[in-house]
Amino acid sequence: MIDKTVGSVEEAVAGIRDGATIMIGGFGRAGQPVELIDALIAQGASDLTIINNNAGNGDVGLAALLAKKRVRKILCSFPRQHDSWVFDGLYRAGEIELELVPQGNLAERIRAAGAGIGAFFSPTGVGTQLAEGKEIRVIDGRLYALEYPIKADVALVSAYRADRWGNLVYRETARNFGPIMASAATTTIVQVDEIVPLGSLDPESVVTPGIFVDRVVAVGHRSWLDDGSFVGGVDIEGRPLADASTGSATGNRSATGEGTDQ
Amino acid sequence: MIDKTVGSVEEAVAGIRDGATIMIGGFGRAGQPVELIDALIAQGASDLTIINNNAGNGDVGLAALLAKKRVRKILCSFPRQHDSWVFDGLYRAGEIELELVPQGNLAERIRAAGAGIGAFFSPTGVGTQLAEGKEIRVIDGRLYALEYPIKADVALVSAYRADRWGNLVYRETARNFGPIMASAATTTIVQVDEIVPLGSLDPESVVTPGIFVDRVVAVGHRSWLDDGSFVGGVDIEGRPLADASTGSATGNRSATGEGTDQ
Amino acid sequence: MSTDTSPATRITREQLAARVAQDIPEGSYVNLGIGAPTLVADYLPGDQEIILHTENGMLGMGPSPERGQIDPDLINAGKQPVTALPGAAYFHHADSFGMMRGGHLDVCVLGAFQVSQGGDLANWSTGAPGAIPAVGGAMDLAIGAKNVYVMTDLLTKTGESKLVEACTYPLTGVGCVTRVYTDHAVFDITPEGFAVREAFGDNTLELLAELTGLELTDAAAPGTREGE
Amino acid sequence: MSTDTSPATRITREQLAARVAQDIPEGSYVNLGIGAPTLVADYLPGDQEIILHTENGMLGMGPSPERGQIDPDLINAGKQPVTALPGAAYFHHADSFGMMRGGHLDVCVLGAFQVSQGGDLANWSTGAPGAIPAVGGAMDLAIGAKNVYVMTDLLTKTGESKLVEACTYPLTGVGCVTRVYTDHAVFDITPEGFAVREAFGDNTLELLAELTGLELTDAAAPGTREGE
């Protein structure tokens, strides 16, 4: 019997080595595999190269990993955000290397790695600083720059539901980088809200087939879902509202136990 | 209100011009837009370039289009089949041009056209006759050949259900080339079993978003479905069995009214 | 708008958003960039269907949710909470950016630091030393639509024209902008440079030429450019 | 099998399929090519889960349907009716071939006209003049798995070896085959050429060398190649 599920996030991230290249899914906090990142922090691997769209928000998740000085280099499209103070500090202090990639080239290069494409000509970024040094070619009268695949040793992905074969479905725009990162890493580790029996996922609607997935761990329903139903009652960071039942919002209230990790 | 639905297959294929390049979905007969092809035959456009995985089966659909001498050139991966006699005859007589493309390169080149990729390096076919004359490059120790996008003026696609925005879902392995061809043509024309109200398709499960679709026509449930439920009772060509209710199979029985079109 | 350096009529950001919205026909697939362009959504006619794309992975984006109905999984490219309309579809990042790069969007509306008369766009970096670079989808958006509209003030706070002969800020895209909507006027990018398509209030071609320091043509005048 | 040109033991096609099946561990993702390789499915152990890929767009392919339950939308790459197991997933052609090209399949089993000692495969065209060329997914399959197994008779009907120094038929892929299962023996492709991994019945390395006209090594012998 094939069973890719593991019992804990610790087990899920076991064996990640110092110096590894790790893709981390998510766009901002949507689809960010928070529990797996926390487990990676606890696991202790260092000297990492991280591939993510952003460079961490606030003091949790990827930002906490950066704060622990575990990351040598980050490859992303948009590090600078209103709450990227951890990255900002490290970058200004010269303690982290940054490779900036336009978001669509980042996505396509990750997809290329998963699909066995050796390189491809992209029109994005041509004529800008970010294409400097790249091979430029005119095809059908348009300028393109040659872009190479981005692959990783490990991908950490957050999906919604999985079965024991590792088939995945996502939820709304939290899908973002999950499917392509799952295809581009040697070992793909996925956290989901719940693991459902084999055959419960509609084969027409599976977004990531299990062939791309190595380990799956269930971390329980996200706080704005109750048994898979949307109940709202959180702010955009996923923190409970002061009074969720009436729908009033206090966006700046900090959640219980979600302080810094330092 | 956006309404991409049209009332008839005649309306769906209206305006296709002589000399057009036309992608036709389907792998063998699964997903082949038979009704649209019949409408194209009736519409009369000629001197066509056709992109399809195969080169027609039996005497219907694409084979019938070929038999009418409407096709100047065909670009496909597998023309020769046990029932490709129409193509075989034309090819041997020098009356049709053939460009043979390995199936995965065909798919990826179509995808590249839809995704705005100028060209890409593929390992498939390198060192074989089918890569002769192509630009070869070593990347990371492996040989690749440069492949260019394949785009079309028109794509004819068969899907399962659509809404009036043109969002599509497919059925099983009949999905095959539909999604990528829909993305690679200037005008994408789709036949579906039924058009459902906007909002009835699960946004998590839409396979082809409506942005890739220009016209949709409903042609009624395929004969092995009854109100969307599988009832079987056909052979692999979709022809009714002699006695469908008991499930006996007479694979060679020809269906009523499905003779040649000549 | 604290330092008013121009004597000319200037429309408000909201009026400008409404003006851009006017040029987006029903049935268009549209991506509205982060910042001011997002405002355009508020002025799209409610009785027409215009399908919004957000590059993080959705078509059919709807307005902000009610309070208490925020879903952190459902956000736009600015990471703000949004909703999904009936007819929406989700897709992953490679598909989403392929959709843009492949030229399937009809309109993209972007902000700008500078636009050159050749249609070059600079909107991702001021090139200031020590600044942390961040590009996101800016370069993909810049080349990612049939019509790339820029929405911006004509002048910086210190009175310099954002329409320029050649950009001095780092480029986002080359020759990609098709039209510029400013608080003074609407400009088309033509082979002859900027052409004034519509001047608001008491703005004239002459005044705009003075403010920008550029030679401008009249988009409406016959002979200055090929038909619309 | 009508013209028996070899005095050596030959196992049947069914026995060969069973032998290939033996080497496919549980949990493998496997693509079985059209023709004889399809037989391998019948010999995969029923109590183990091995996930079959069909390049027209499915993982989790099941056996042929019952009569009367044929679904023309659910076919394999040979266009035969199949079924879908619980846990199956459908995808489009670009995703399906990306899965192969990207090296995600563990095993692919293919037929062959010829295999060279360098691992080149010829299986798509005899190069006969006037023949209609057709390649399908052959070239993608040839490079599309971590292990590319060929399943074939050792000799043609006229007694010529299909294992050759260099292919004379048009190539499908260069250096792509990792192992060859024949009716006489199983051969690994090694840097030194073909190594006999298992000889069936009274076949010996010497007899096989004679039948093929090639220098062969013993895969089991120490020093002939790096570990398994």
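By letter and in written order, the chains are A, B, C and D; residue numbering begins at 1 in each of them.
FYI, a contact is a pair of C-beta atoms (placed from the backbone, for glycine too) under 8 Å apart; a residue touches a chain by one contact, two chains touch by 3 or more.
These numbers were taken from a predicted model, which means no experiment stands behind them.
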> Most remote chain relative to chain D, going by C-alpha centroids?
Replying inline: C
> Taking contacts as defined above, which has more of them, A-D or A-C?
Replying inline: A-C
> Between chain A and chain D, what is the separation of their C-alpha centroids in Å?
Replying inline: 38
> What whole-Å value do you get for the distance between chain B and chain D if each is reduced to the mean of its CA atoms?
Replying inline: 29
>> Just the number, please: Cα centre separation of chain C and chain D in whole Å.
In response: 56
> What positions in chain B touch 2 or more of the other chains?
Replying inline: 108, 111, 115-117, 122-123, 170-172, 203-204, 207
>> By the touch rule stated above, which residues of chain D touch at least two different other chains?
In response: 58, 84, 90-91, 94, 97-98, 100-101
> Hey, which chains are touching each other here?
Replying inline: A-B, A-C, A-D, B-C, B-D
>> Please output the residues of chain C touching chain A within their complex, sorted ascending.
In response: 54-58, 65-76, 79-81, 84, 90-94, 96-98, 100-101, 120, 125, 130-140, 143-144, 170-174
> In the complex formed with chain A, which residues of chain D make contact?
Replying inline: 26-27, 29, 49, 51, 53, 58-60, 84, 86-91, 94, 97-105
> How about chain B: which of its residues touch chain C in the complex?
Replying inline: 1-2, 111, 113-117, 163-165, 167, 183, 198-199, 201, 203-204, 206, 209-212
>> Using the touch definition from the top, list the residues of chain A that touch chain C in their complex.
In response: 27-31, 53, 77-81, 84, 87-88, 91-92, 98, 100-108, 110-111, 122-130, 143, 170-180, 207, 222, 224, 230, 232-238, 241, 244, 246-249
> Once bound in the complex, which stretches of chain A touch chain B?
Replying inline: 108, 112, 115-123, 137, 139-140, 142, 144, 148, 169-172, 202-205, 207
